[in-house]
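Below: one structure in structure tokens.
A, B, C and D label the chains in the order they appear, each numbered from 1.
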Amino acid sequence: MQVAKKVAAATLLATVAMTGAAMAQEENYRFVMVSHIGSNDANMGWLTESLKTFEEKYPNVKTEYISTNNYSVQEHVRLLEQAIATNPDGIAVPIVDSDAFEGPLRRAIEAGIPVVAFNIPDGRPEGERIPYLTYVGGDEYLTGLHLGQYALAQAEAGNIPAPTGVVCASHDAAHQGLKARCAGMNAAMEGTGAKFEELFIGAEPAAARNTLQSFLQANPDTNYIFTVAGWSSPWAWDVANDMGLSPDVDNEGVTILTVDEAPVSIEGIRAGHLLAANSQGFWLQGYAPMEWLYWNKTLGYEPKADILTGPVIINAENADKWAELVRSVFGDEEYDNQNTW
Amino acid sequence: MTFLRQLAKSAGFGSVVGVGVMLIAFTLIDFSGWWTARTLSNVIHFTSILGLIAIGQALVIISKEIDLSVGSVYGLAGIAFITLEPSLGVPGSMAAALAIAALCGLAQGILVVWGGLPSMIVTLGGLFTFRGVIYVWTGGSVRNFSTDAREHWLTRLFGGEFLGFENALLWMLLMLAVLSVVLKLTRFGNHLLATGGSAESAESRGVRIDRVKIATFVICSLMAGFAGIITLADRPQTHVTIGDLLELEAISAAVIGGCLLSGGRGSLIGAVLGAFIVTSFRYELIALGAPSSWFITFVGIVLIVAVIFNQKLARWAGHNV
Amino acid sequence: MSLAALKPIIRKHSEIGIFLVAVFLVLFFVATSEGRWNNAYNISTILQVTATLGLMTLGVALVIGTGEIDISVGSTFGMAALIYLFLAVRVDPAMAAFAAVAAGAAIGAFNGLLVTRTGTPSLIVTLGSLMIFRGLAIALTSGFAFSVPYKDRGALSYFILGGDNLFRIGTFPGVNTGFLWLIAGLVILSIALKLMPFGNHLLAAGGSAASAHSRGVRVDRVKLRAFIICGVLAGLAGVLEAGKLGSADGSMGRMMELQATASCVLGGCLLAGGRISLVGALMGTFVLSSIQSYLVVRAIPPQWFIVLLGLIVVLAALGDRKLRQWALKR
Amino acid sequence: MPDAKPLIQVKNLNLYFGNFHALKNVSVDFHAGELVGLVGDNGAGKTTLIRVLCGIHKPTDGEVYFDGKLVKEFHPKLAIDQGIETIQQSVGLCDNLSIARNFYLGREPVRKVLGIPLLDFAKMRGEATKVIRAFGLRDNVSADDEVERLSGGERQSVKIGRAVEFKNRVVIMDEPTNHLSVREREHVNELALQLRNQGLLVIYITHDIFQVHKLADRIVIMENGEKIEDASTDKMSAEALEEVIRQGGRVVEKMES
């Protein structure tokens, strides 16, 4: 079987090489991003925007964005396999689950398709991990951890109350990336004596509010809410506000933390509703993998280390700058549309 | 006993018993947490929204069909309401949202009746299609109402509060009353019950069962759309996932409320009580500290227990089910 | 040969409709995908997806044949996948697979007993167990990890249980071993259905439970058996999928129950019971997974994906129905 | 005596179910004030024929005239509106509805309350009660009880009562005396005659040639989807007609040749 594999790989490589030689310099490329961020997540906009910009810069490259709508490993691997089947010139994919992705990705790499990981790396040590070119992105666990540490520093400084109970509100109980964020927050809160709980609120707004309100009623000592999606932060604020829990950033009541450099997160911080969010550099996570794939294809470049685009904390001090930056990417109209406060 | 038996004849009786047992249980295990104005108003608020959808679902089940698309229709109407507001104004977008919901129901009803397809397949297609329309239309994020739109009297009429009660509750009670009258006291209601009970007999008596079924699908979609509008008039911050998996809760509520899938029997009040049971369980499980993913497990158990209980009750009361 | 000559054939074989739909779609896909759809690698992927969804569909078809329905299979699939992966690293893959399939049988028996003993509609019972076991799966995955590292999956038992592909020839990546299980399942069930009393009883129970009962068929037992077989097949499908992925989360099998039911309807199974076609149901599975893969390889934006999926499912059902109506006309 | 102009005229009617030729070129006239016995074995096409007349099946080809006018649209609702009432063996009553609701199904009386047309329960209950008492249903059965409580005979009585109650022009009775006790049977037959005497057209479908021969003015015999005999009861005895049925269509052929 191994021999057959090698023969297959060699044949494929030879074909690729030959067609490459035949087609001179104005080579056309097609790069596919197989994402876990679907149309139910506004962050998809960052990636598709950056792909568009990339296509404008490199007219001979066609980029494609495919993703699951409701995340599941099973679906994602299926999409990946079908993307590989189209024999693209490069693939960018988050390593949501290294055990499940290793097989297909190794086959793709053996077949000569360069792979860049984005958003989620293969967390294993250098020698064991999937031999992708490089990783571009943040770190889900660090996202939670840094936000938690930032909140504790703010509490230390007396800007917000010290944590007594922390809830990590997640909209998808089966999503590994979201779980990692919660785990990071949990790690940050360890040793403070605060009770930590992960709450599955679901993605349905009315049901999510109902769930969160039920939780806050049953657990009155909860004073930090960490929503693992930017778009669910207004719901948390709303519920806490209705219950008279003073959710704004001040020295009393509940404090809300969220994620993403989405307009809704930034504007929430600017309005004083949210303590902080984090940026993973989503735009870069779309653009940079394409750039590396292109350089790898044309010049044979291979980056020596992972490219970390985050996490960076967004807080009241730098939110204005972030707003400016994000407006310049999305345009004012889209920015205002995405601001759901 | 005879009196009880008489009571048990009505389809919603099982859910009345269920609510009674549940309230006693919750009182015993969590008296201080459950009987607070805040808990009850929280539970009742979501019950109102789910109740509106469950009422429509109950009508469809009574006509011996099923509608899996209500969650998506609820979402689509709500999102249409918010997205069209800048161009059409609040009244215009509300009318447009209801019209879109009605169209969803009409299309599905026509495919079921004249296309001769099982409603499970048609509304499964609807579940996907309408959700996809939301994604395509919004591109992944939904804007919020402007301050003007939030203050508009119509928005206040459907959202907001009245005498300390959420308007959602009042609207739900109003629709419950109106549709219960329609079901029990009008010609259409009689035709609907007959269609679900025995379509052949109804047709032989000149009932246009095709029109009855289409009308029922339209009403169901309208109720789901109306629930979407009410939700967003009250809390206009939303997301493209609005209505996700709500069809499961709505079907569960209707069935727990005594609607029989064999058609022709069901109770709208029961459907609302079913919604109350489902929502209350969500609260109580969280209050007891169970991981929130257990909620669906419990809804599943309650569903099975309730349907068997309702059936036994109906047989005991002398029904032939 | 005139078109009318086809009528009797279509009338007799309810699965012809889906075959024609499939041929039409395949031609369309080949014509419009610039070779991206019709290449060896993609076909192999489609067959792999068809293998797991197909096994589940076979079971659902049997249950539909008895006039009941089983929409809990998605969760059965998920539970089996988790059990398999949990035990495979701790005990042994073969034992793990056995335990997972046994769990599938147990869920099937649970459904079947509730349906036959209490006379409750199967849609509700299985909707209930769909939710029960989905919640359980999610609860389990928040406590434990369910995966086997890629490099540890070399053993023969992993290979047999969907772990890798067979028949790699040149650039053709081969067929997943799961597909062989599907063929085996199809052959065994077809024999049971066509050549053994079980098949007769099953279809009689679905066609007219009262008549079957009056002829001494134990309708309840037949139905119970169908539910158990369905659970076994869904469990086996879960094992094979888990064997291929080597890892599972709480969403394994989500929505697959709907795809399996849709496959059966597309394949000419009557939801009312009494008439099923296993080959047709599998063809339905193939059509669904082909459509999905076409949307992917054509890079249809994800937001359009489910719109098209929804529309195509309804249109295919409608087309199949209209074809059969046409065949039934004089 | 029957009118010269037929109330219902069926001309060269054909009906296919898929490939199955259910009605073969059937032509028959029915007059007002006539009691016609429609006789034949199972599968002979009697029920199919009357299902066309009451709008359930649309004929594949051929014509049906009602009151001299060609019928273009077939729907039970239209048939009922024209005054054609059908009493069928297994359909007509919904188990889940009360007797009163079943009684008026498809033509419910309404009363405006605040401008909203609500069901007139007083009338529905009153009329239904009168009829079920007249038809001797058990005393403990009320018009509010659901039909599922009734025995087979009681159900039949409700259906016939319903047909009698609405002043119709045509009453089609499909095996009306099946499942009935002897007394109930006589009662039903009396009612059939009474309806005929009031000037209605009564089409009486049965297996039992001897029973219907006593009542009917004319007997139509069907076999294999064809009409094989159409004779006045004055002209042919019950025994002769029975012989026709026993021989199927063959006797007729012999007679014609």
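To be clear about the criterion, a residue touches a chain if its C-beta (ideal position, glycine included) is under 8 Å from a C-beta of that chain, and two chains touch if they have at least 3 such contacts.
What you are looking at is a predicted structure, and each value in this text was computed from that prediction instead of being measured.
Enquirer: Please state, in steps, how far subunit C lies from subunit B along the shortest route of touching chains.
Expert: Minimum step count, subunit B to subunit C: 1.
Enquirer: Going by the touch criterion at the top, tell me which pair is linked by more C-beta contacts: B-D or A-B.
Expert: It is A-B, judged by the count of C-beta pairs in contact.
Enquirer: At what distance in angstrom does the C-alpha mean of subunit D lie from that of subunit B?
Expert: Once rounded, the distance between the two centres reads 42 Å.
Enquirer: So the centre of each chain is just the mean of its C-alpha atoms; given that, what is the distance between subunit A and subunit B in Å?
Expert: Measuring from centre to centre gives 35 Å for this pair.
Enquirer: Between subunit C and subunit D, what's the gap in Å when you average each chain's C-alpha atoms?
Expert: Taking the mean C-alpha position of each chain, the two centres sit 49 Å apart.
Enquirer: Just how far, in Å, is the C-alpha centre of subunit C from the one of subunit A?
Expert: Using C-alpha averages as centres, the distance is 33 Å.
Enquirer: On subunit B, where are the residues touching two or more other chains?
Expert: Subunit B, residues with two or more chain partners: 131, 135-136, 139-140, 291, 293, 295.
Enquirer: Multi-chain contacts only, two chains or more: what residues does subunit C have there?
Expert: Only 138, 142, 250, 302-303, 305-306 qualify.
Enquirer: Among the residues of subunit D, which are close enough to touch at least two other chains?
Expert: Residues: none.
Enquirer: Going by the contact rule at the top, pick out the subunit B residues touching subunit A in the complex.
Expert: 33, 36, 38-39, 42-43, 45-46, 49, 71, 131, 135-136, 139-144, 231, 235, 237-246, 249, 279, 282-283, 286-289, 291-293, 295
Enquirer: Considering the complex alone, what residue numbers of subunit C touch subunit B?
Expert: 114, 118-121, 123-125, 127-136, 138-139, 142, 250, 258, 261-262, 265, 271, 302-311, 313-314, 317-318, 321, 325
Enquirer: Provide the residue numbers of subunit A that touch subunit C in the complex, in ascending order.
Expert: Against subunit C, subunit A makes touches at 1, 4-5, 7-8, 11-12, 32, 38-39, 44, 64-74, 77-79, 81-87, 97-100, 102-103, 106-107, 128, 173-176, 179, 198, 200.
Enquirer: Flag every residue of subunit A that touches subunit B in the complex, lowest number first.
Expert: Listed in rising order, the residues of subunit A that touch subunit B are 39-42, 44-45, 69, 171, 173, 198-207, 209-211, 213-215, 217-218, 231-232, 234-235, 238, 243, 262, 264, 336-341.
Enquirer: Which positions of subunit B touch subunit D when the two form their complex?
Expert: Where subunit B meets subunit D, its residues are 181, 185-187, 189-191, 193-194, 196-198, 200-208, 264-265, 318-320.
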